[in-house]
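You will see two complexes here that share chain A, one where it goes with chain B and one where it goes with chain C.
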Partner chain A sequence: MQRAINGLKRWETLLFIIFIGTVLNNVAQSPAYLNPNNFINLFQLSIEKIIVAITMTFIIINGEIDLSVASIMGMAACIMARLYDVGVPLETGIVIALASGALAGAFNGFWVAVVGLPSLAVTLAGLVGYRGIARIMLEDRSIGGFPGWFNAFGQQPVLGSLTLGIVVFIILFLVGAIILHRSAFGRYVYAIGSNKEAAIYAGVRVQRVKMTLFIASGMVAALAGLLIAARFGAVRGNTADGFELDIVTMVLLGGVSIFGGSGTLVGVGLAILIILNLRNGMSLINITGNTQTLVIGVLLILSVLIPNWGRAVQTWIMRQRLRSAELAKGGER
Partner chain B sequence: MEPVLAIRRVSKRFDGTQALDDVSLELYPGEVHTLLGENGAGKSTLIKIMTGIHQPDTGELLLDDKPISIANSAQAQHYGIAAIYQEPMVFPDLNVAENIFISHQNRGAIMRWGNLYRDADAILKRLGVTLDVRSPARGLTLAAQQTVEIAKALSLKTRVLIMDEPTASLSAHEVAQLFKLTRNLRDQGVAILFISHRLEEVFEISDRITIFRDGKRISTGLAHEYTIERAIRDMVGREMESFFHKTLSQPGDVVLSVRGLARQGVFEGVNFDLRAGEVLGFAGLVGSGRTDVALALFGIAPPDAGEIYFQGKRVNITSPEMATQLGIAYVPEDRRQHGLVMPFPIVSNISLPTLRRYINRIGLIDFDRERRTANEFRNRLKIRSESIATPAGKLSGGNQQKVVLSKWLNTRPKLLILDEPTRGIDVGAKSEVHAMINDLAQQGLAILMISSDLPEVLGMSDRILVMREGRQMGIFSRAETTQEVIMTAAMGQEAAS
Partner chain C sequence: MKKVLVLLILASLLAMTSVAIARDVVVAEPGQEVRMLLLPKFLGILVFDEANQGALEAAAELENPAPLIFDGPTPENSVAGQIEIVTNAVTQGIQALMISNNAGDQIAPAAQAALDAGLTVVTWDSPIPSAVGEQVFVAQVDFNETGKVLADMALSILGEEGGQFAILSASPDAANQNAWIAAMQEVLASDPAYANLELLTIVYGNDQSEESYNQALGLVDAYPELDLIVAPTSVGGPAAAKALQDEGLCGEGTDNSVVVTGLMLPSEVLAYVENGCIPEFALWSFVDLGYLTYYVTYLLATGAIEAEPGVMFEAGRMGTYEITEDPTRENGLRVLMGPFSIYNIENIYAAVGMEAPE
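For the complex of A and B:
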């Protein structure tokens, strides 16, 4: 166990070191960096992705993936905007949009949990299909002109200097961490992700856990879609297009295994901080967006390689020990 | 004559289990050499070493007297070693000829279909079979698919052909065909390592026989030097090992009654009663339906006919959760797959089926209480580990099994189903597990124990139910039976008088 914990810690420690490094570099580049407003700004610019990364963490630890989240974000925003456009009160539209996200998640969950299809295929279909709904809703139009209170949610602070998106993130992160690491549900999420069969034999209701996760993922994605609508003050058919890969990147960089069963929400939190600061810092020293993406790609590969290297080295050492022990025994004969 | 392939003093250990212990075996060209042994005797491990799936810890393989090392199956093929299995591994969408030549990479960049079909035909002719080389493999019978595999092996100039239970799913007529083919190959100088549990077949086809038990080679000899009795004796071992004394007790009320239990195509007509404090052994070969009966009782694969009465009430068990709530616990055969979440610490593995009991008022896991339970079981069952935080994957087989037992005993069952409870664990842990089973029965637990280890079944059980090919062959009481009687019933032999 100690070694496993250390292994886990090693990656998170490494993340922490990278994080400190990026912060130090950024401070050296620009003294204005440490200004809290700069930090809040950093968060604010990707807050919707960050929020969805929390539910994605659950899904990936559970051994599944949800590629349809960005499309659900777009779909929910478009449904809300279209309803508003035809005269439905915005409050009603918001509720319906959130419900559509839950429904889309339940649809994904049905095929994955009940029918048993691979989530990669099911949610890839969702990625295409829900985006289709979004585009049908708005076609080539852009709908904006929402009431001031709605746009304010995306742009103005609601608590101290924090925007609604950041408050939602903090709450979801804390609640998520407690559920994942302290509750029976969280334990089931890990158990199913590590060994689904053993979980079934232990009487864990695997279908129910998976269904819950996909519904939560859909709903949180819908919420994030509405937040992005509020922040931009307008919605288009391609709102949030392509966000799913950034979200999955945050989760994997946080040390969550793509095969399921391991990872922590703290790791994902650190990965989010690193990505934000790294991009910010690289911008400060005039590294272009494309190069930034490349750097994050390299980090991602390392996040997968380093734990595997650790394991490979361990197995190799064990083998050598066994071999020399056998040889010693043979010598005595 | 020189052996084609010689296995010299090969040993292989998997965490905690000595799968092969200093085993030697020679295969000569033009012989059918049968490997006999109970489940877990080490046959599969040997095959996997010969085909490059596993590497031996010590010992060596000699091909034509030269040491070789086989790192993967491509290399095994290169050395002329091929294997066919009970389930043929053909590509269903390719046709017969393509399947035969699937492993040939040096037939040129461009497919010359005419040549391919001609060569495939020639190989099948050599084998003396008629099969349309253009028909897709999908529609072929199992036997025909096996023929394709044999043709494939022949096309690769195979010198050593391993046949791992090739007859298990064949009809009598198909077996006869397969044997004709096998003899044909043998006469062409191929060394054949044959594995089967059907003894009458073994005596029909073999030139020589080697018997394994517990990872060791017990005997090798010409087939006619063996009788069925001797083969069985060598396979099961004469001595009852160092079994402790089973405490005989007065069984209590009937806990479980099963009437006419069946599952389409898997098992049928299973009838028995099991009382509190009683150990009912389930004997039979792998695939005889023993585990399937257990899975039906535990709600994993519910039966489609028959009745189950639990503590006098008719029950319809449809999920493991329901079975657990009734008071049925199942310790599965495959700890790695079904028994444990390997990366989880001991403590989380033990609490997994009962996690809801460890929830405090605000809905979170009470870690203290969870740890206390785990520590109690660690002491009671003498689980040897650094602490209860040690991941299950780091434990030896015996200690892993104790964790699985803890996990299920903590559900406070009335009926404990044990599937191969001592498979793959060392002798010391084995006798501890046996003592534990005995204690639990003393405390009034009804125990259903599936085991392929005959001395274990005989030593531990009050009564023994024998299954063969999905059917119940009879229930024998401990006092009036012997290993030979059980083995004969399991193998479908007439009882030796």
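For the complex of A and C:
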């Protein structure tokens, strides 16, 4: 256990070093990087993804995955836009859109937690299905022209120079960290993720925990979908298409094990900072999107390989020690 | 400023001496530094590379000491990517943006922010539908004329007796394609000559070869009576022709029961024109479009002209152009390039610089 904790600490230290390296590199590469507006932009441009990465962290630590988040984002945005288009007040549309996200999450949760199907399959179906609803809602149209106050939530600062999205992210991150690392619910999330059977025998209400997580994931995704609608000022059927992979990338790079049971929100926070700053730095010196994707891909591969190599090296050293100890024993005889 | 004054005085002198010249035609003054960024819908499409060539040609003529930046998003990330590039351009200290918009009105907030920050924002190829965040749109051809050209090509291929056709477009939010399709539908409805042309459906291949290919296959499966696919996109056209050829519906040894027409690049569809899959298609020069866009943007960014209707300017080798109200969009201004070239087996060899085989 102690070793595992040390390992985690080492991973976060490594992330922190990479983060500092990225920042220093950006400062050296582009004078525009230090522009205060740039730091707001850097978060704003990916704000919806990093908000959903918080709930995704819980889900993956819990030993599950939710691939339907981007489709739920699109679905919620499209439902709101369609309702607005047919004359429903925007406030009502927002509430209905958020509810639709929670409902989609509950639907995922039902098949995973109650029926016991693998979340990979269930949420993959969700990815297709919820996107389908989004596309049916808008049929190849683009709906915009929302009231100014709504667009302002996505584009204008609400607190100092922070936008609503950034405020939401900070609050969710802090609340998420407290729940995950300081509450009984958080301990259950880890316990189920590392060994579901043991958790059941220990009296953890596995179904309820999983259900809660999927509903939260759906609702937060819907909220992120509304934020992207406000930021772009218009919605179409493919809004947020493909975001799920970027979100999962952030979580895995943060040191969360894809098999569940380990990882921290701090690690994910650092991974988010690394990815956003890396992308921003490359954009500022006009490195194209293809290269950016490549660099982040390499980073992700390394994030999966390095801990495994570390473990392999550790095991090898332990074996050597055992062997030499046995040899020593044999010598005594 | 002084130079602008001198120009103005010279121009007004000219106006006084010659009654025939009603308005001043502004000529760009070379050598001024403007940091300019050419933003295509996404990278990896030949027509956008051609536009970049044209822009580079103009940049060299205008002796702009700042190098032209050509940067675009990846195809699958086009909307968010374009918005990201526009937003970061402000931070980078770019002074003028030339956008082929693929994000519909979703890019308007970011483009408006760039305008507010003092950048020059010009769209080309595809405008911002609401015209919010854009000063002027450099239109390749008149959008209504495009509709007419598409309808005429369909008519000439299907003949008097007519037939059924489907449209394979780019993305649902591509303002240019949408406007052309709308114009084509209007032409079809307005003139009895087109009464026998029946539009079955519109599908979208998102300017991706594979997706367009699959959409074309889907069309043939869904509509056995289909005679023609109209693809107003340089990616969709050849992809559809390939799909029909692979299905044995057109090409050598077939009766060309289903064929393709639309807007395409001669160099990309030569083989399909030769084998009959694409009897006829149309396009304008993207090199010229990039060249003209660069001139307009340079003139606006250096303060030589304002984005107002009636402003006339000279765009190097292409001659004199005028900024006018855009008849296809409320509140929009445009510079119209035109005209169309229609290609078929007769003239395609010349267009790609080859000798016609005997």
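Rule of thumb we're sticking to: the second predicted complex is superposed on the first by the 326 of 333 C-alpha atoms of A that agree within 3 Å, B and C clash if a C-alpha of one lies under 4 Å from a C-alpha of the other, contacts with A are read in each partner's own complex, and residues count from 1 in each chain.
The definition used in the following text is that a contact is a pair of C-beta atoms (placed from the backbone, for glycine too) under 8 Å apart; a residue touches a chain by one contact, two chains touch by 3 or more.
None of the values given here were measured: they were computed from a predicted structure.
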| item | value |
| --- | --- |
| Partners on chain A (chain B, chain C) - clash or fit | fit |
| Which superposed partner A:Leu24 touches (first chain B, second chain C, both, neither) | neither |
| First (chain B), second (chain C), both or neither touched by A:Arg205 | first |
| Touching partner for A:Arg141 - first (chain B), second (chain C), both, neither | second |
| Contacts of A:Ala32 with chain B and chain C, given as first, second, both or neither | second |
| Which superposed partner A:Ile258 touches (first chain B, second chain C, both, neither) | neither |
| Chain B versus chain C as contact partner of A:Arg236, first or second or both or neither | second |
| Minimal inter-chain CA distance - chain C and chain B, angstrom | 30 |
| Contacting residues of chain C [partner chain A, same complex] | 43, 69, 71-74, 76-77, 79-81, 83-85, 87-88, 90-93, 103-109, 113, 130, 172-173, 202, 204 |
| List of chain B residues in touch with chain A within their complex | 11, 13, 57-58, 298, 300, 319-321, 323-324, 330, 332, 337-345, 348, 352-353, 355-356, 358-359, 363-365, 386-387, 389-391, 394, 407 |
| Complex interface listing, chain A residues touching chain C | 30, 32, 35, 37-38, 41, 44-45, 140-142, 144, 151, 154-155, 231-234, 236-238, 241-242, 280, 283-284, 286, 288-290, 293 |
| Contacting residues of chain A [partner chain B, same complex] | 1-2, 4, 178, 182-184, 187-188, 190-191, 194-195, 197-205, 261-262, 322-323, 326-327, 330 |
